[in-house]
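Given below, in the form of structure tokens, are the structures.
Here chain A shows up in two complexes: once beside chain B, once beside chain C.
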Partner chain A sequence: MSYFAQQLVNGIALGSVFAVLALGVSLVWGVLDVLNFSHAQFMTWGVFGTAFGISHGLPVVVAIVVGMLTGATLAVIVEEVVITPLKRRAHVDASSIVVATIGVAIVLETVIKKLTHSELRSFTSEGFPSGSIPVAGISIGLLPLAIFLTSVVVMVALALWLARTRLGRELRTVAYSRERAEIVGINPRTSYVIAFVISGALAALAGTFVGAETALISYSSGDGLLLITFAAVVIGGMGSIPGAVLGGLVLGIGQVLTAAFISQSVSDVLAFGLMVIVLLVRPTGLLRRQAVSRA
Partner chain B sequence: MLEWFSANQFFIDNTLITTVLVMSFFVALQAGVFSLASVGLMAVGGYMTAVLTTTYHVPVVEGIFAGALAGGVMAGIFGLAVARLSGIYLALATFALGQSAIVIIGELKITNAQQGILGIPVLYTTAWTVVGLLVAAAVFEVIRRSSHGRAFRAVRVDEVVAKSIGINAGAYRLGALVLSGLLAGFAGALNAHEIGVISPDQYNFGVLVLGLTYAMVGGVEHWAGPMLASVALGIFREQARGVGTDIEDAAYGVLLVVLIFLAPRGLGDRRVVRGFARLSSLVRSRLRPPGSRPPPPTPLATDRSSNERAIAGPSVGASGAERKT
Partner chain C sequence: MPKASWRVSVAIFAGILLAGCGGSTPGGQAGNGLPANLTIGAPLDISGSASVASVGAPEQEGEQLAVDEINSSGFLGKTKLTLKVVDTQASKELAVQTLTDMTVRDKVDGIVGFTLTPSFLAAGPLAQRAGIPVITVDLSGTGITEVGDYIFRVSPALVTLFERSDPIIVKALKAKTAAYIYSSDSSNTAAQKDFRKKVLEGLGVATVAEQGVTAAQIDYQTQLTAIKRANPDVLVFDVLGGQDATLAQQIKQAGLSVAQMGDVGWNSPNVMAVSGSQCTIFTTVWDPSISTGRNPHFLTLYQQKLSKPPTQYAAWGYDGVWLYATAVKNAGSANPAKVRDALASMKDFQGTLGVYGFGPDRAPTVSGINLQVNGGKAVPWTPTSTCSR
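And now, the complex of A and B:
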């Protein structure tokens, strides 16, 4: 029983990392209708930004902010240089933009590969919470706990910001319908930039979590996580913020528990399997009530 | 000539097999099916022939046919499963199905799990691939000129309108997926017999990116687009690789973004083809001696924006409808 509870805690921690990643993808999808394949590179650049900060003697929290700024800056550059100009052109459909983001991902990965000399680097765990505390008979790792709590804070803050502030509401209006947002005087380009800032910063934060957990980072750290992120977004419902959180948690808990109690292979196929089932049975995802458009 | 050929054998064979895979993406795309299952289907085809020829000692030619067929059948099953979906949901569903196939292959006993299959008879001839591609090209051309080609195009441009004029859109989409699966299976089988070793991890995301991007660069309008794009990009990457693999990757990424800006619907798009035609006629008229120059070349070169508007004019209705909302 205590083994199960411990695995559950690990699953929740992993799931909150997935959720933070999925939030960014889902937000960009909701606001811009763009499925961003360079999201994993925001994450990789972000974690290297954090590592850079730590290696220059900054306190961990400040270093994480440096990483998040790196991710956000990169995201805004990609948005301003590639995605918005493409969206403004006629005859560009969603699949063309997908290919453009793949191109961006290749470029960004190659640049970080060159900058880091394709080395696998160790990510120092100094300054991050370590050890574990006993709670109700089970010992809970402090790092997973910190990851979980940080994610919760971030998610709640994002939800409040979206619901309560002027900019947040503008963002939701643009996500609902760009035309209607323009009619009531909202400039969608501001929302595009903000969506990408949040997306890049969250990706960097998630990357730092992963780096702290695995203690190793490399230029290709983000690759495998991109597909899991997409799976989480689809499971929860594309464009839905609570859906992204739910999808991430379901996948994280599911992966850890199936790996612990069934087998690693079930855990590997879980993301794709759940994605297929959700798409076939309920294409709008678990939390999306109605299909605005499935096309 | 022959020397050059044998010196570049590996590159030529790889390019040809990649072209088969690219055509597999193209067949689905030209019917408006944004399918990402091709790499999974390629794995199915490759493993089919690998298992048949190593464990059951089936001759290689039959193995390759079986591989292509397995890809087609699997694609049919996928197609029935995703019949309700379209757009990005369809893309993600086909992607998940294709990846699941690869993950499952990596777990089965008969496919030797993660170790993969060694000692597949290396019996590959360039001629087979060339013949396969020529047959595919001929079939595409026949389809393109028939009512079926127009039906595919109609389904891609606007499914609702296509249905309203009596086209069985679902059947055409399914047919396109099955054809796509046949080609993907064929590519996988050829690939298995070219290198003689296969394992699940060789069907990775990179292969998917390669096939999809080559096909998108080529465009959905005409089969020659992706075929030429695949060969041209293959040569481009081979040349860039001479400078260094990192340069190759970065240059390819930049090229991809630039091409999407210049020709978002691919190089086979009619607007792009017409643009090239105009450009070449412009160059020719400039090159003529001054005496024989025809009357002022109208707003062709000077006023580009109004010219573009004039070109875009008549097709506005169709292109507006083609954009998925």
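And now, the complex of A and C:
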């Protein structure tokens, strides 16, 4: 039993990282209807921003803010320079924007690859929680615990912001209908920028979590996580904040338990298998009815 | 067609043919019995995932450093080396295409490269069939030189090191049980794990857990939890570069405290910087502490030219090119068969691994050095060494 409980805790910890990543993607997918393949680069550039801050002697929390600003800035640049101009053109469909974001991702990855000389870089764990505490026969890592608590705080804060602030409500209105939002005097551009700022910052935060967990960062840090993030969003329900968290946790727990009791190979494909099943059985995702944006 | 036009056409056609040929043809002779130019093909994985590119990129840097040094020093007289690097992107198919180009179209004089064993095993036979000497720089698997008598390797098969060192280490640790963690999506590391397991079981060390990890993972707690439950005396690692640091990081989170036997990937500042690597013992063939051969010079030169300390991958690349150049010089010819013979008879090569040559199996005659992570750096390990966490 304690072995199962330990693996369950491991799954929740992994799922928390997926959840933070999924939150940012869900927001942009829900608001702009844009499947953004450059999201992984916001994560990569963000964690390099955090590492830059740490290497220049900043306290970890401040360095994380630097990383989040890096991710947010990059996201806004991509939104302003690529996505919004493309959306303005009447003949450009969603698939063209997807292709454009793939191109942006390749450019951003190539740039950071050149800047880092293709090297794997150490990501120091100093200043981050380390070690573990025993609780009822289970070892709980302090870093995963911090990540889990942070993801819960972020989810609650984001949900409250969307529900109870003017900007949050405007964002939801734009997500529901851009035309209706404009009729009531809401500037959709502002909402787009805000969505990308939050998305980029959360990607950077998740990237920092991954860096602290893996002790390494590189130009390809975000590559492997992008498709898992998309899977988490689809499973939870596009545009749904609780759905993004649920999708992340379902994947994290599912991956860990599958690896522990079946095999790692099955675990690696679980995300995509679950995504297909959800699309077939419940295409709107597990929590689509509770979506905060477009439902 | 008028006669003059016919001659011009032939001349142009001949020119195109000559220009299209690589290798030693176009530059003529350098006056020392050698051609003016020798082309070394370097198929390396320098893009794709960072865990592979971070190996291929320093290999390229090491090879280029050696080429520049050989050319500027006049080691081969007026003969100049040209390095033709092709990024094979960790793809067996690309490796085969690249070797086809190098052996048929470019007709390179020698090949110094290869980052991954599976890519070499797919493409290497093409060079053997073409009779072009190949020096592999960073292949840790077995079956490399078995491809043929034109194939040599700078980095020995890791199992040959484990065979000598693991019994000494495990006896010193007084281990009775062992757990293994390995990259299950790499046939090379899986084979190394199987080999080490067989060696240790032969010494009476019982296997209590075997856990595979894959490149897609960012979290190894699942596997570390299973290992913790098995409660081994020693944990043996055989994983891909880039996974060692993460494992070292997450061992403490798992609450796991056990003696650790690493692989060559632990000989990296990125890994040794992680506190979970403390006291890990591993065996390798290159280390900055080697004071013989060309290693002290290499350490200085690399730092001077590239403004950073070298890695073992750069050292292997550097030695690969120097081995080829030395063989050409010893042979007094770029003829592939003569270069091959010169490589095979090499005995006292001054390299970064120390002073060595090639054995009958065309692998380097180096026995490996045992190191232990202590205080964030690798220090020589002996059975009487002490280390505390």
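Operating definition for what follows: the second predicted complex is superposed on the first by the 289 of 295 C-alpha atoms of A that agree within 3 Å, B and C clash if a C-alpha of one lies under 4 Å from a C-alpha of the other, contacts with A are read in each partner's own complex, and residues count from 1 in each chain.
Assume a contact is a pair of C-beta atoms (placed from the backbone, for glycine too) under 8 Å apart; a residue touches a chain by one contact, two chains touch by 3 or more.
Treat the numbers as computed from the prediction; the structure is a model and nothing was measured.
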Which superposed partner A:E170 touches (first chain B, second chain C, both, neither): neither
Touched partner set for A:A215, first chain B, second chain C, both or neither: second
Touching partner for A:E79 - first (chain B), second (chain C), both, neither: neither
First (chain B), second (chain C), both or neither touched by A:S265: both
Chain B versus chain C as contact partner of A:Q6, first or second or both or neither: second
First, second, both or neither for A:S125, with chain B first and chain C second: second
Chain B versus chain C as contact partner of A:D223, first or second or both or neither: both
On chain A, positions contacted by chain B and by chain C: 113, 223, 265, 268
Residues of chain B touching chain A in the complex: 29, 34, 81-82, 84-89, 91-93, 96-97, 99-100, 103-104, 106-107, 205, 209, 212-213, 216-217, 246, 249-250, 252-257, 260-261, 264-265, 271, 312, 319, 322-325
In the complex, chain A residues that touch chain B: 35, 82, 85-86, 89-100, 102-107, 109-111, 113-114, 223, 227, 230-231, 234, 238, 265, 268-269, 272-273, 275-276, 279-280, 283, 293-295
Contact set on chain A toward chain C in their complex: 3, 6-7, 10, 13-14, 17, 113, 117-122, 124-125, 130-132, 134, 139, 141-144, 210, 213-216, 218-221, 223-225, 256, 259-260, 263-265, 267-268
Residue numbers on chain C that touch chain A, as the complex places them: 46-51, 53-54, 56-57, 184-185, 212-219, 221-223, 225-226, 228-229, 241-242, 245-246, 248-250, 252-255, 269-270, 273-275
